[in-house]
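Listed below are the structures to be examined.
The following pair of complexes shares a single chain, chain A, combined with chain B in the former and chain C in the latter.
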Partner chain A sequence: MLAIDVHQLRKQFKVQKNREGLKGAMLDLFKREHTEVTAVKDISFQIPQGEICGYIGENGAGKSTTIKMLTGILVPTSGKLLVNGFVPHKEREKFVHGIGVVFGQRSQLWWDIGVIESFRLLRKVYRVDEADFRRRLDELVETLQLQELLNRPVRKLSLGQRMRCELVAALLHQPSILFLDEPTIGLDIVVKTEIREFLKKINREHGTTILLTTHDLQDIEALCSRVIMLDDGRIIYDGGLEELKERWGKGREVQFQFTDPISLDAVSAWTAGMDVRWTKENDLTAKVWIPREMNVSDVLSRVVGSAEISDIKIFETNTDEIVREIYKTGSSEAKEAVRA
Partner chain B sequence: MLSAYLDFVRIRFLMMLAYRVNYYSGIIIYAINIGAYYFMWKAIFGDAETLGGFTVMQMTTYIAVSWMARAFYFNNLDREISNEIRDGSVAVQMTRPISYLMVKLMQGFGEGVFRLLLFMVPGMIIVKLIFPIELPADPMRWIVFFVMLWFSFLINTQLNIMTGLFAFFVENNQGLMNMKRIAIDLLSGVILPMSFFPGWARAVLSWLPFQAITYLPSSVFTGRLNGSDVWNAVLVQAIWFAVLTVPIAWMWRAARTRLFVQGG
Partner chain C sequence: MRRMAQSMSLFREYIGNYIKTKLTYRADFWVEVISDLMFSAMNLIFIFVVFRQTPALGDWSEAEVVFVYGYFMIPYGIFSTFSNLWNFSDRYITKGEMDRILTRPAGSLTQVMLENVDPPSLIGSLVGIGIMIAAWLRLDLPFHWYDPLVLIVMALGSTLVYVGLYTALAAISFFSDAPTGIVPLIYNIQNYGRYPIQIYNRTIRFLLTWLLPFAFVGVYPASFFLVGHGGRAMAWLTPVVGAIVLALGLWVWRSGVKRYRGAGS
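Entry: the complex of A and B
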C-alpha cells in the first residue's frame, strides 16, 4: 500500500502587496492588491510504506509548502493528495492521528512546562491509552537517553536535547508516517548521528515511513534510499542516491602536496592538452579536477614526473557538490538530464 | 478529548502561577486603577446626588465590579495568536487532532480562572473594606452575574481571536490590536458607563458587541437592570456570541485555503 500518493499537486498563494501605515493596513482590509505565486507546480510522486525518502531543494523551492499540504495544514489549490488513505485537509483531526511531524525550526513542546508534562498532554490530545503510553515512552526515553531531562522545562534544554524530545513527542502516538522538516538543523555532529541512528531504528523496527527535508546531504546519505529533488516548485529528480551521483557526479579531485613552492601556471603546464582544471590552495598545495571519463593515473603520472610530491589525496565528488551543481545550473538543464 | 482541553486550562493556570511577579504587579495596577477612578468620580459628582442615573455608591460599585470583571475576561489571545501566525508556529499546532481555536479559548479560560480566584476574589474583599460599595443580597443576581461574566469572557475572546487572526490577512496587525484594546475599554463601559454617552452614541453602541462585555453584566450586578431587562441583557450576550462565531469560522477557513503561512 502507498503511504503517500500525490498527483498533479499545485499550490498557489496570493501574496499581498502591503500599503504602509495604519491607513494602509485599513485600506488593505477592504481592497488588497495581490501578486500570485505558485509555490508547488503540479508535482506527482508515490511513496510506499516503510520507505525513507529525502525531499531536498534550495530554500524556497517549495519543500515546506509540500510538507504542509501533506500534513493537512494547507489546502492545495489543485491536484490529488492521499496520505495514509486520507485526504489530509478534509479530515484533518482524524488524519493527524496517523502522522508525526517535527519541524526543526519550531518546537511543538510547550515552552514553560516540564518535558514530561508536555508528553502527558500529548497523550491526552492523541487519546493514547495509559499503558501504551508508558510502554512507548519508556522505549523512546531509553533509546534517546532522556531520563534526566524529563522534569526540566523545555526552555532550559539545549537544542540537541530539545530535538530528541521533539522526536519523542512526534512518535508517542505510534504514527505510521513521520514528517521531518529539517530535523538536524543547527545540531552538532554527535547529536546528528544519534538522531540518524534513531530514525533508522524506528524505520526498521516499526516500519515507519519517513519523509524528511534537509539541507544536510549527509542526512540523506545516511538515511535515504530515495531522493526527490525540487527546484522552483517542480520535481527535477526522483530516484536512488547512487543513481543521482552517477548521473551528475562529473569527476574527481586530486590534491597534491609538493615539497617545493609551485605556481598555478607551472602546474597547468604539466597537464597541457588535458581537460583538467587546477586550483591553488597555498604555496605548497594544489588541487586538480579530473572529469569522470578521463583516467586519473594519466594525470598522476604527468605530475609525479614533474615535481616532488609529499602527499596525494583523491576526492570522489560528494553529494554536496553534485547538488550544488544542480542548484546552480537550474531546473531546465537538469530536467533534460532526467529525460535523457 | 475534553480532558485534553481541560489540561490546557490547567497548564495555563500553573504557568500563570509560575510567573508570580506578573501577578503581584497586576494586583497593584488594578488597585491603582480602581482607586484613581473612585476619586475621579467622587470629584465629578461633587455635591450632586445622582449623575447619569448613578448614585455615588452605585458608581463606586460599578467601577469596582467592572474592573474585577475585566480581570476575568481580559486576555492577550489576540497578541498570542498573531505572534503564532507570524512566526509560523500555528502550523505545528495544526498537526494535532485538536482545534487550534478551542485550545486558545481554553488557555484564555485558564488565565481567567487564575485571575478570578487569586485576583478578583481577594481584590473584591479588599475593595469592600476600603471603598463604600454595595453588593447585591439576592443570590439569583449573583448567579446571573456569573453566567453573564462567562459570556463576557466568550465575547471578548471572540473579538481577540478575530483581531489575532487578522495576522493571516495583513502582515502587521499591531495597529489593529491597539485599536481593539482601546475600543473595548472605552466602548464596553469600563472607563465610562454607557448611560454617560450622548443619545446618538448610545444608539450606535447598542448595536455593537462591546456593551455586552462590561456594561450589561455590571448593570445587572449593580441593580440598574431589573426584571425582564436582566433576561434581555443575557439574551443580547448570547446573540452576540452566536453571531461572532460566523466571521471567525470564515476567517479560519479562508486562512487555510487562500493564505500564506509564514516562513515558506
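Entry: the complex of A and C
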C-alpha cells in the first residue's frame, strides 16, 4: 500500500499587494488588490510504506506548503491527495491519529510543565491506552536517553534535548507516517547523529514511513534512500541519492603530490589524448579532473609511470556541491536534464 | 456524546497541568486573583458613588443595581475561565500555533480553550454569588425552592452568550491579518450590559438586546428574581439567546478555520 499518494497537487495563495506611500495605503484601506501566488505547482509523487524520503529545495520552494497539505493543515487548491488512505483535510481528526509531526522551529510540548506531563497530556489527546503508552514511552526514553530530562520543564531544556523530546511526543501514539520539517536545524553534530540513528531505528523496527525536509544534506545521505527535489513549486528530481550523484556529479578529482617539482605542461603531456584537465596547486602538487565516464585507474597508471609520487587523494563530488550546482543553474535547465 | 466525554477527560488533564504550572508561579496566581477582585471592587464602588448622588436610577434602587452586578459576575467568571481567548490572534495566528492544534485529534476550539483555561477567574463568580446574596437579603426578596435551579440555567445561558460572541470575535483574526480594535470596542459595549438596560435610550437598548445581546448577561436574567422589574419572558429568553449566539459563534469559528486552512502562512 502507498503511504502517500499525491497527484497533480496545487496550492495557490492570495497575497495582498501593498501599494506604495501614504496614498497607496489609503487606497488599500478601501480596495485591496490581490495577486495569486502558486506555491506548489501540480506536483505528483508516491511514497510506499516504510520508505524514508528526503524532501529538499531552497527556501520558498514550496516544501513547507506541501508538508502542511500532507498533514491536513492546509487544503489544496486542486489535485488529489491520499495519505494513509485518508484525504487529510477531510477527516482531519481521524487522520491525524495515524501521523506524527515535528516542526523543527515550533514546539509540540507545553512550555511550563515537565516533559513527562506533556507526554501524559498527549496520551489523553490521542487516547492511547495506559499499557501501550508505558511500553512505548519506555522504549523511546531508553533509545534517546531521556531518563534525567523527564521531570524538567521544557523551558529549561537545551535545543538538542528539546528536539529529542519532540520526537518522542510525535511518536507516542505509534503513527505509521512521520513528517519532519527540518528536524536537525540548529543542532550540534552529536545530537544530529543521534537523531539520525534514532530515525533509522524506528524506521527499521516499526516500518515507520518518514518524510523529512532539510537543508542539511548529510541528513539525506545518512537516512534517505530517495530524494525529491523541489524548485519553485515543481519537482525537478525524484529518485535515488546515488542516481542524483551520478547524473549531476560531473566527475572526480585526483590530487597528486610529487617528490620533484613539476610543470603544468609536463603533467598535461603524460595524459595527452585523454579528456582530463590539470590544475597546479603548487610546485609539488597538481590536481587532475576526470570526467565520470572515464576510468580513474587509466589516468593513475599513466601518471604513476611518469613520475615519483608521494601521495594520492581522490575526491568525489559531494552532494552539497551537486545540489548547490543544481540550485544555481536553475530549474529550467535542470528539468530538461532530468527528463532527458 | 463520546466527544463530550473525551473533552471532559481532556479538561481534567489540562486543569491538572494548569495547577502544576501555577504551583511553580505561585506569586503570579495571587496577583491575578487580587487584580481580578480589585477590578470588581472598583466597579462596585462606582455604583455606590453614583447612588451617593441620586437615590434611584430610573426606577432601580442601589441594592437592585448591585444585585444585577452580582449576577453578572457569575457568568462572567465562568466565561473568563473557559474562554480566555484574548491573546488568540497573537499566539495562534501570528505565531502559527494553529498548525499544531490542527495536527491533533481533538476539536480545534476545544483545544484552544483548554490550553488557556484560567481557573482564578472562577473566584469572581463566587464573589458574585456573595454579592447577590447580600443584595437579596437587603432587598428582602422572597426565596423559592426553585430559585437556585433557575439561577444555574440563567447563568449557563448568559455564559453561552459570552462564549459565542467572543468565539466569533476571536475567529475574526482568521479573516483579517491585522486584528483591529474591534475586541476593545465590544468589550466596552459589554460593560453597558451590567447595568439596568431601562436607563438607556431605545437605540442602545435595541443594540444590547438583539444585536450584541449583552443585556442577557445581566439585567434580563437577574430581573427574574427581582420584584417589579417586569418581563419574566425576557428572563426565560436567556438560555435561548445563549444557544443561538453560541451556534453563531461556532459557525463563524468553523468558517474561520476553513479560511485559515485555505490561506496558511
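Keep in mind that, in the parts below, the second predicted complex is superposed on the first by the 264 of 340 C-alpha atoms of A that agree within 3 Å, B and C clash if a C-alpha of one lies under 4 Å from a C-alpha of the other, contacts with A are read in each partner's own complex, and residues count from 1 in each chain.
The rule is simple: a residue touches a chain if its C-beta (ideal position, glycine included) is under 8 Å from a C-beta of that chain, and two chains touch if they have at least 3 such contacts.
What you see is a predicted model, and the numbers here were worked out from it, not measured in a lab.
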Three-chain arrangement built on chain A, chain B and chain C clash or fit: clash
Comparing the two partners chain B and chain C, which touches a greater set of residues in chain A: B
Partner chain(s) touched by A:D188 [first = chain B, second = chain C, both, neither]: neither
Touched partner set for A:G60, first chain B, second chain C, both or neither: first
First (chain B), second (chain C), both or neither touched by A:A25: first
Partner chain(s) touched by A:V96 [first = chain B, second = chain C, both, neither]: both
Partner chain in contact with A:E33 - chain B first, chain C second, else both or neither: neither
Chain B versus chain C as contact partner of A:G72, first or second or both or neither: both
Touching partner for A:E197 - first (chain B), second (chain C), both, neither: neither
Chain B and chain C footprints on chain A, overlapping residues: 13-14, 16, 65, 68, 71-75, 89, 92-94, 96-97, 99, 101, 103, 106, 108, 110, 112-113, 117, 120-121, 124-127
Residues of chain C that touch chain A when the two form their complex: 6, 9-10, 13-14, 17, 20-21, 24-25, 96-97, 99-100, 102-107, 111, 177, 258, 261-264
Chain B residues within the chain A interface of the complex: 1, 3-4, 7-8, 11, 14-15, 18, 87-89, 91-99, 166, 169-173, 175-176, 256-261, 263-264
Contacting residues of chain A [partner chain C, same complex]: 13-14, 16, 65, 68, 71-75, 89, 92-94, 96-97, 99, 101, 103, 106, 108, 110, 112-114, 117, 120-121, 124-127, 153
Chain B-touching residues of chain A, taken from the complex the two chains share: 13-16, 18, 22, 25, 28-29, 32, 39, 59-60, 64-65, 68, 71-75, 89, 92-94, 96-97, 99, 101, 103, 105-108, 110, 112-113, 117, 120-122, 124-127
